[in-house]
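Below: a set of structures, written as structure tokens.
Shared between the two complexes below is chain A, which pairs with chain B and chain C, respectively.
Right after this comes the complex of A and B.
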């Protein structure tokens, strides 16, 4: 009996895999058609968009570097959303993580390795606390957490920006903080590329989240609370505590991502605009179907598209923002449950027919 | 320093910067009343802002541009409705998706048409005229505050009045509210749930399109990228404050206009960091919202307690 259930579950996964693949292909097709209509050299544009990042070693490693923050936001969002609350305050955590990292990198002279460890840990704590805010406020006021999270993203963006510009701003030259000391930055892993040691941390964090969500009782509790809060509560789970912990860990991962992106890629704090990683993270979460195992794959896929679009815009007349447009269409198609619904329906009908036959057979015997 | 509170121009600016948020709040109100959560208000406003500019620039006719943008707003809202209601997508995700389509699509179209990523000043687009109301403008203080606004501001007031009349006094409005309150019951009573939700979505689209056009064809004379700047999201907070009532929604969006205008004055006259002041409207709105909602939940809990005590007695 147990084995049969297992199989059923796999088929459901198979169905969503087909659906996601079809959604991806369809939205790529839509974008190709748009490119065909508006571009004067559609062939070059499409070719650069799809294979551009593979052409040079540098741009290939660029994809990996661009993917690192996306993996962090994707994993952070996985924990937040799996607990059943649409808490998209990862952007606030991410930005403030970068701000905290900058502050510690510049103002605390610490030895190498300890310095990086200290600033990443501090960023994680701050990110986690920020991510808990919308849920706490929601509990006492019943305001929609989505609204609270979006407001938090804007408020903490301005707050972080003003911290940087009033304490750490270098007065000369273009807008930016003081330079980070070398012992605060993550070194490059492979010479001649931009790949930094954040890549190792990404792998560790990914394994941690997969283990946490799939192999521990905490992960199971989070999933139960997310899929059926009433059931979780009647089974004696402390749902509020579990939700809060999930938000904290999710926010902490996003905060770490901000810190690692800041000291890994940049020499000084230069983010003058909102980062908006959370929308990418949401797309990554949905493409991975909420499974942390697939988060890195989908994150690097989105990074690949982004780098491809930049290469495309350099060698053709198109703007890279078409990828944001593409992302929107992918989310629309993946989110709609009725997309390719007939496949699921047909499968369900087949299954119930089989069951009916089996029951009839049993009754006859 | 605080004497700007008594100057009529301050209050006039408050009314002017309230306009787009007032329209967006009305859109959010309609959505709440019909039981939809629409994050795409932000994106719809952005798309309509660009559509109005482009259509008016190519036809050199303000009303053609206006109608095109309104139709566009309705179309975008229907796309949201199609994916969220008929294809049963998660409303949050569909809203986010349309916002991404809007941010990406507007920049893409802008670059295609003008070659500039920042604004549409290369296009000769038209703007809505400023209206001076004949008798009112001669009254000293009130005249300065209420007269001489952009035409869209007055259109916004009319739309709010008509919509709240429609919601509370006509059969259609009562049906829409019934659908939002309890779709299953409305269906059992023989109402077409999807139809009424789409009517609400159409009104939402119209309000969003005027909100967007006010930004690109009223307050400014051209479209700049990301010009909605979170007003659509802000309207959702205002909507939570007013709990779907358009008249209260209109009043609470005045709070936004007030805090937004104060921000400008503070940046001129105070020594606080500029970026910190930019956060003020968000902070102000969220604090007011949290206080109001905390009081509401507290009284609701007290009532529940009283009711259960009465039952026990």
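Right after this comes the complex of A and C.
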């Protein structure tokens, strides 16, 4: 009995695994075809795209560095979306997290380690508070939280940009803030690569989110609220509070991500455009099927493709933007619930017919 | 002789693998009233939805007048002369009867002509001897009048075959009787009707032939005059049903719930509650009867904290809970089995285990908020055994269980919360007979445990067999409180529910 059950669950997961794998393969195939049409040297291009990041140690660790902010946004979004609110204000939290980190790095001289800790914590709080805004404003105005979240992304981008421009801008040279002192930066983990200590933090945060969502009563309440808010409310859960807390934690993770990216990768604040990490985060969330365990895997996969595309563009006649095709097709296929749906439908139908016949047989016997 | 309608080997599997109909066969002859009976969940409604083009057929054939029927929308069904009266009225509340009548017709002109619409509606109503007020808004109509309007709508679209999906579920006995007279009249005019019900006395009274469905399979078609109610009931459930319980003598304890002068007005400014007062004590089951829409659901929403009354007070164990949050009300000792189990009662995608523990999850967590999985598992396994829930194990998603088993899980959760007051809103609606008698026995157990129980039900039989007292609501007021319950008849309740009889000096 026990074993039979296990099998059924495996099949369900197996269905989503097949779907995602098929989506990946199909989109890769489409991109290969596009490359064949537009490139003079398709062989080199495809080879560099697929294996380029593995060629040198430096580019391999670049993949990890590129993946770190993606993991943060992916995990942050997991909490926000699992609570049932499509709150995609992670960009606002991420950008402001970086701004707050810059401000503290430059204006508060603190000893090493305490300095990094302070600026990441402050970024987390600010990111968390920003992430709560769409839900709060929605409560009083009934404006769709998705609209509010997208507005927040724009508003806080300009707000953060103006803070940097008015208080921390270095007047000489190219656009950018003053340099961060060394005791504010995260430092490299492995010499000769760009890998910084943010990698350790990302592992800790991932474990924290997996633990929070799957092992604690809070995570359970978030999942119930997201799954059926009316039921959660009738059952006496304080849904508004739970939703707000989930947004706060989700935003805090995104804010931390912004701070870590800033003091880990950059020497000064240089973001003159919107970061747009939230869309990557959504892609990762979907590919991971909403499961925090898979968020890092999918994030590093996307980062791998990005780095591969850059290497490809350096050694062939193609632009790295070719990966956006890839991402677009993956999102379309993974998000479309009907993609390969017939597989599941056929399986379900077969199963229930078998069950019915077994019951009839049993009744006859 | 040819059949008007022939259903051959029809199978329907819903998304997610729910098998609703399995090789269903039956025929309907012209000019008959053909009853389709079966327990809830036997697949009656699914079958009708396929006949009416609302659901597609997984496999099998449907023939109308010998020609195969392939419907992809209800519009096509109407074109073929098939009409359906749904279990829940498909009317626009804020429009008048005449406007509803014309709604969706292709021949309507772009600019409406109210006067002409009302004339036409009255004409059709007179033709079939249906009394309705065409100029009245639907929300101000009685349930019986809405029902008639629904049937008229179909007749006006020149249907030859009318499907009636549990048309009497919301009617009082008197309204039911009137409806039956109209239906028999329609039959004389040559209409064919498929009548879905699980009230066997009604089926026996009105139908010519009966087809029995059980578990999505046809159990056979019978001439009504050849079978007794007991025969049909045996075919439906495989055993006889009796709702007569030996109730233990329980001494009334202290008062747990007191409701004082509750008032509520809905968003259309229609008063839904106009001064309701009563109380419930330990060790008694107080039933609430009333035709749907007479204030019962508003009253329960206010008591359970889902809505705030405009006036009046609710006391639970002496605490004023009129404006308390649901969280606090539950902490003060109230459990609630909500009316809509899929919306408010469970999270369908989550597991049985997760649904069993939602309201008391904190009691399974240690101080750091970490869930003790083994403790939960043990609790759930015990509940599944005690409440006889048919599930593979506690990890199965609750949405894949049958209605009766979902309800058992919800009842298990609420009954095990150790509350002083249980609010049960339609605890057995849409549940199979086996589960009904099980839930009833659990309710009586709670009564013996000295709990105070408030039971709202549309099933008068259930109210009479369980309650110690019955409150009857009519137009937002208490029309009567009957305490001689075992001797109360459904007919007597019906008189109060319709407002024909009234006790003076109540709220």
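Miscellaneous remarks
The rule we apply is simple: the second predicted complex is superposed on the first by the 352 of 365 C-alpha atoms of A that agree within 3 Å, B and C clash if a C-alpha of one lies under 4 Å from a C-alpha of the other, contacts with A are read in each partner's own complex, and residues count from 1 in each chain.
Methods note: contacts are C-beta pairs under 8 Å (C-beta built on N, C-alpha and C of every residue); 3 or more make two chains touch, one makes a residue touch a chain.
Predicted model, so just to flag it, every value in this text is computed and none were measured.
Once the two complexes are laid over each other on the shared chain, residue contacts for A:151 go to chain B alone; chain C is not touched. Contact with chain C, but none with chain B, is seen for A:237 once the two complexes are overlaid on the shared chain.
Touch counts on chain A: comparing chain C and chain B, the chain ahead is B. When the two structures are aligned on the shared chain, A:352 is found in touch with chain C, with no touch to chain B.
Applying the stated contact rule after C-alpha superposition, one finds that A:43 touches neither chain B nor chain C.
Shared-chain residue A:227: touches chain C; no touch with chain B.
Contacts of A:215 after superposition: chain C is touched, whereas chain B is not reached. In the superposed model, A:187 lies in contact with neither chain B nor chain C.
In the superposition on chain A, none of the residues of chain A is touched both by chain B in one structure and by chain C in the other.
The touching residues of chain C, counted against chain A in their complex, run 13, 15-19, 22, 58, 216, 304, 306, 325-327, 329-331, 336, 338, 343-350, 354, 357-359, 361-362, 364-365, 368-371, 392-393, 395-396.
Of all residues in chain A, those touching chain C in their complex are 1-2, 4-5, 8-9, 215-218, 220-221, 223-224, 227-228, 230-238, 345, 347-349, 351-353, 355-356. Of all residues in chain A, those touching chain B in their complex are 38, 86, 88, 137, 140-144, 146-148, 150-151, 154-155, 158-159, 161-162, 165-166, 279, 282-283, 286, 318-319, 321-332, 334-339. The touching residues of chain B, when paired with chain A in their complex, are 37, 39, 83, 86-90, 92-94, 96-105, 107-108, 111-112, 117, 230, 233-234, 236-237, 240, 273-276, 278-279, 282-283, 285-286, 289-290, 293-294, 296-297.
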